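Labels A, B, C and D are assigned to the chains in the order they are written; within every chain, residues are numbered from 1.
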Amino acid sequence: MLNVSVIGASGYGGGEVVRLLLGHPEAHLRHLVAETRVGEPFAEVFPNVRGFIDGRTEPLDPAAVAADSDVVFLALPNGVAMSLVPQLDDRVRVVDLAADFRFRGAPAYERWYKTPHIAEALLEEAAYGLPELHRAEIRRARIVGNPGCYPTAALLAIAPLLRSGLARPTAIVIDAKSGVSGAGRAASSRTHFSEVNENVFAYSTPGHRHSGEIEEELRLLAGEVSFTFTPHLIPMTRGILATVYLQPARAVTREAAEAAFREAYGGEPFVRVLDGESLPQTKATLGSNFCDVAVRVDPQSGTIIAFAAIDNLVKGAAGQAVQNMNLMCGFPEELGLRVPGLFP
Amino acid sequence: MLNVSVIGASGYGGGEVVRLLLGHPEAHLRHLVAETRVGEPFAEVFPNVRGFIDGRTEPLDPAAVAADSDVVFLALPNGVAMSLVPQLDDRVRVVDLAADFRFRGAPAYERWYKTPHIAEALLEEAAYGLPELHRAEIRRARIVGNPGCYPTAALLAIAPLLRSGLARPTAIVIDAKSGVSGAGRAASSRTHFSEVNENVFAYSTPGHRHSGEIEEELRLLAGEVSFTFTPHLIPMTRGILATVYLQPARAVTREAAEAAFREAYGGEPFVRVLDGESLPQTKATLGSNFCDVAVRVDPQSGTIIAFAAIDNLVKGAAGQAVQNMNLMCGFPEELGLRVPGLFP
Amino acid sequence: MLNVSVIGASGYGGGEVVRLLLGHPEAHLRHLVAETRVGEPFAEVFPNVRGFIDGRTEPLDPAAVAADSDVVFLALPNGVAMSLVPQLDDRVRVVDLAADFRFRGAPAYERWYKTPHIAEALLEEAAYGLPELHRAEIRRARIVGNPGCYPTAALLAIAPLLRSGLARPTAIVIDAKSGVSGAGRAASSRTHFSEVNENVFAYSTPGHRHSGEIEEELRLLAGEVSFTFTPHLIPMTRGILATVYLQPARAVTREAAEAAFREAYGGEPFVRVLDGESLPQTKATLGSNFCDVAVRVDPQSGTIIAFAAIDNLVKGAAGQAVQNMNLMCGFPEELGLRVPGLFP
Amino acid sequence: MLNVSVIGASGYGGGEVVRLLLGHPEAHLRHLVAETRVGEPFAEVFPNVRGFIDGRTEPLDPAAVAADSDVVFLALPNGVAMSLVPQLDDRVRVVDLAADFRFRGAPAYERWYKTPHIAEALLEEAAYGLPELHRAEIRRARIVGNPGCYPTAALLAIAPLLRSGLARPTAIVIDAKSGVSGAGRAASSRTHFSEVNENVFAYSTPGHRHSGEIEEELRLLAGEVSFTFTPHLIPMTRGILATVYLQPARAVTREAAEAAFREAYGGEPFVRVLDGESLPQTKATLGSNFCDVAVRVDPQSGTIIAFAAIDNLVKGAAGQAVQNMNLMCGFPEELGLRVPGLFP
């Protein structure tokens, strides 16, 4: 049984880590540290866990957290983790849900986040936490930079097609549709019900910061790449669907493309390759750590269309973070996570 | 390990029983019988369980189901269970999610459902499956008539106030707001997205058939009663909030009313009495078997206002059905059900 | 052609006044004054009117507004109008969408809004702007206190039953369901999409401030009254449904109750009494100034159930405000407002 | 004043034509013919127009309709219009909202709709009703094939970029997101609230039938083309956002792309080119005949991203149909249609 703490437990990502750890047989919740709503009963902050957690959110005391935690999840705004991790004992394993430890070097971080990276040395102890691409690295890392929600969906849709050589690494189009919880719990006009309900729009395009992670990972897969990424907000709470369009490297059949997906994900515990005529729908993953993928080929244009659906707060954040904890700590990868989603 | 079968597994109630049983350590899913979409892969019918269930839905063969099932859940249209249960071996325990076994006698059923009851003798083996009111009866019953979603919420809001004598049993007003999944999976104008989204309306009022159950239970609690029940459809998938207005039997304070709730539900595993200023919200119960309740007293009019929030498919249907199975089979009541909901 | 200005034009109520005035043949929009987003192009603040309005929102200059406006709409937080109206020329007609001029005396205002009323003398020039109850007063008033959204729906459901003597004025229950736009445009956890989507809950109960208006109007209708009012938030943008439960003064049939509604509203341009089996639904009023009403009697309990559905931003705010302007200025009451809603 | 009839008035497209014609000063509604719900009061079929229309829906009698109609709108399933139009007097002008008259020849229709075209001769009297591309043809046509909702949005996003030569006509990606009303009023699992709420998925891809129209129009614009079109369903009632990705023919700046849009649409009454940083959102067009467009260029990949937002039932169906009637009948193009949308 490990002692596990969550810093940033009053936000959606942190709260979801707490929910998942309640069902994890090897995790004992130790500190629930909040930046907002400090000192409130946790069951007021997250009314779903009433009856499970009696305590209150704590203010941040890094030494206290480090003293009695084996694993710490950080669910904080970008740029905070890199100042906080050095204050934790280096015996403590860290899963950071923000961007601070997602890049292999400071320059890429600084280019996309417009701020200096102040813990560059720690990047060497860090792995990019997409288990389907970097399982071995994650296992031996002390720090995991948990991927962004959009990169998780986009990369899982693209990787089999680049690895297999079926698709060209240029002119890739990533069109993603996200629920509103991805924008976080802070109130803004971007998250106001009346502004986003019965509405759909693109935002931060071109140039959304998740492009940085996607770029770094695509380069690892295929060298020089070119792509465009356009996120959209749609009126739902949870879920991301990434629809990715790739140009074929040679004539590609649907069967060949599907074979590449089955080969890539045949042994994966949390990626489900849809067969038959079904296409991924976010609702099939609601509340679960699954990523549902499928692929089609347009016979007119030859374009390959790959789909990936996730729950942005689970496989796109907290669930993947727990999956990474399992890998780092030597637990079975599915421990506490193999639960079907809600439908409908 | 019990063998458990679900008849009516392609609908929302049946599918939710399946989802919950996947997390139940003592249940082995045996037959998944469907009325519609027979022979389809179950993972097409309920895409959330892809990777958990490989088989297909089966056509109904009562003898085959009875032969190798210890418990059978029936999730069928009203009026079917009473012809089906006699075809099952009387060794088999039955939880019926429809109305056929909810009444203590045929006349009440016939009055509200306008059809003869053809298995009247079996009503003596049946209990009304609201554990908070009838736990002992359920434990020794062979058949459980699982309550309707509206009666579950309404009765849990009302019972402490009638039992304690704080409220009068007359002029009770039950105003309930339900998500659309309560109308079932069959497509109709009532469930058409474009007709119910951005909309709210009352329906089947007065005279909704769930009034029959509510009446029978209220009489058991308080003798002669009078109430009116108005269900409303609101644009969400899951959840019921019952707002119940009762007239005080004498001057009642909020503290006294809250004490009655705490006394009634202090030991209940699935009823959470909200303290402080929070009021029940359906989202806090999403996907879980909890019922959140609270009570207020209007100082101007003296009216007592009681609230109960549930997930209509869990505590209002499948979760309560599994809770009843646990009671009937001697398992811990919370087995496989003690899971927090999703938030947000 | 009148010069008309809107103060508070960047909020939902003010923006809806602007939208409606664009279709009004006798109104010329003069000043669009904002408290927030001052100096932005109005078509950025309300993207629906792009192509109709080229200007920007202005900062408040009461003298400038008064100098060239015949009518001013105030759509400001409660408590601002009473300090602002004295700064406008008393030749200017005013429709205030907040609570400052809704009460006949300062004490009632102060009791519900917990702040002194600083323009008590002006209350004598003011009328409560519910045309169906106070048309003659509105015609001769210089200032109209435009009713709250909840009181509009509740009072239109109740008035015929009290006036006709069919219902008792005591033990009235008002259960109202509102879309989120009623909470205004300011971002808060109460309006966060992820918190209110797939959710329903009561709030500010007992004691919501709209109770004050309802009380004052019910007393005018029936002397001593007792009622309880419970507002609920539901996941939609626009619309309020009030479900009102009244106890019969004598045995009442549905026919008698419906006759009372037809008599009350037979000549009303914006109240539609539903006949047949239809019940009011908010979607039938979306974007329009109509209030749809219907009534039922529960044969078991005798309770009378009255329903009223409105678009909270139109008949519940801006549309009724324009209706009041028409009355104050001697225009046909329906001018610029007789437009059907959107369906679906 | 023209006599205008609607055949198919009980569906969403037909009902929306009726709503718009109620606000058209030169149209007198004559026959409201329905295929479903024949003989019902129209105000039950479309409760928004209660108080505007007293009559009932009529069964189809083509001779009676032709005898006293100047213009007939057909809002029927694909394949019906081509058998019905020959039964109408050839003095009658026809706007068909289905696909029967959208193609310049029978082969293209037959290829996409898998059924013979039985009124091929009439195609010579027909124009494709996208005024921004074919205004002159529409003015002199007797029959207009009103475009599909997806093609309307997609073509308005693409046309300026092909016409100006900025984009290549190959490897075009059209990713479209639609509200559920586009699927029509018939109940199905595709339109069931509980299946589409909190969900997003692609469907009918590749090969959606609207690809046929898009292909025909793109060829007229640019000769040989290649594109892929993927429609998605999102949880809202009305609205389509088309996000279109095109490869540059040469180095293209955002300014050059925006200039092409302004040049194309500078004089258009219903296309609004967004300037500044705003991107199109469907809510800004709700209930209106506007199409909001904008364009961006991704500096990394060079990809041009064009956006078009419409209300699928207005500019995507009924509003464009009325716009076409105005053109055919010599009315000002905006007559009865220049109304801002609802926001929020």
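What to note about this one:
Please note the rule applied: contacts are C-beta pairs under 8 Å (C-beta built on N, C-alpha and C of every residue); 3 or more make two chains touch, one makes a residue touch a chain.
In this text, all values refer to a predicted model and were calculated from it rather than measured experimentally.
The greatest centre-to-centre gap from chain A, using C-alpha centroids, is found for C.
Chain pairs C-D and B-C differ in how many C-beta pairs are in contact, and the one with more is B-C.
Separation between the centroids of chain A and chain C, computed from CA atoms only, is 45 Å.
Annotation: 36 Å between the Cα-based centres of chain C and chain D. Chain B and chain C, compared by their mean Cα positions, are separated by 38 Å. Across the assembly, chain C contributes residues 12, 179, 181, 194, 197-198, 235-238, 281, 283, 286, 344 that each touch 2 or more other chains. Per the touch definition, chain D reaches chain B in the complex via residues 12, 179-181, 185, 187-189, 191-194, 196-198, 235-237. Per the touch definition, chain B reaches chain A in the complex via residues 12, 15, 19, 22-23, 41, 44, 46-52, 181, 197-198, 237-238, 272, 274, 276, 278, 281, 283-288, 290, 292, 339-344. Across the complex, chain B meets chain C through its residues 170-173, 175, 177, 179, 194-195, 197-203, 205-206, 211, 215, 226-228, 230, 232, 234-239, 241, 243, 245, 247, 279-283, 286, 296-303, 305, 307, 309, 344.
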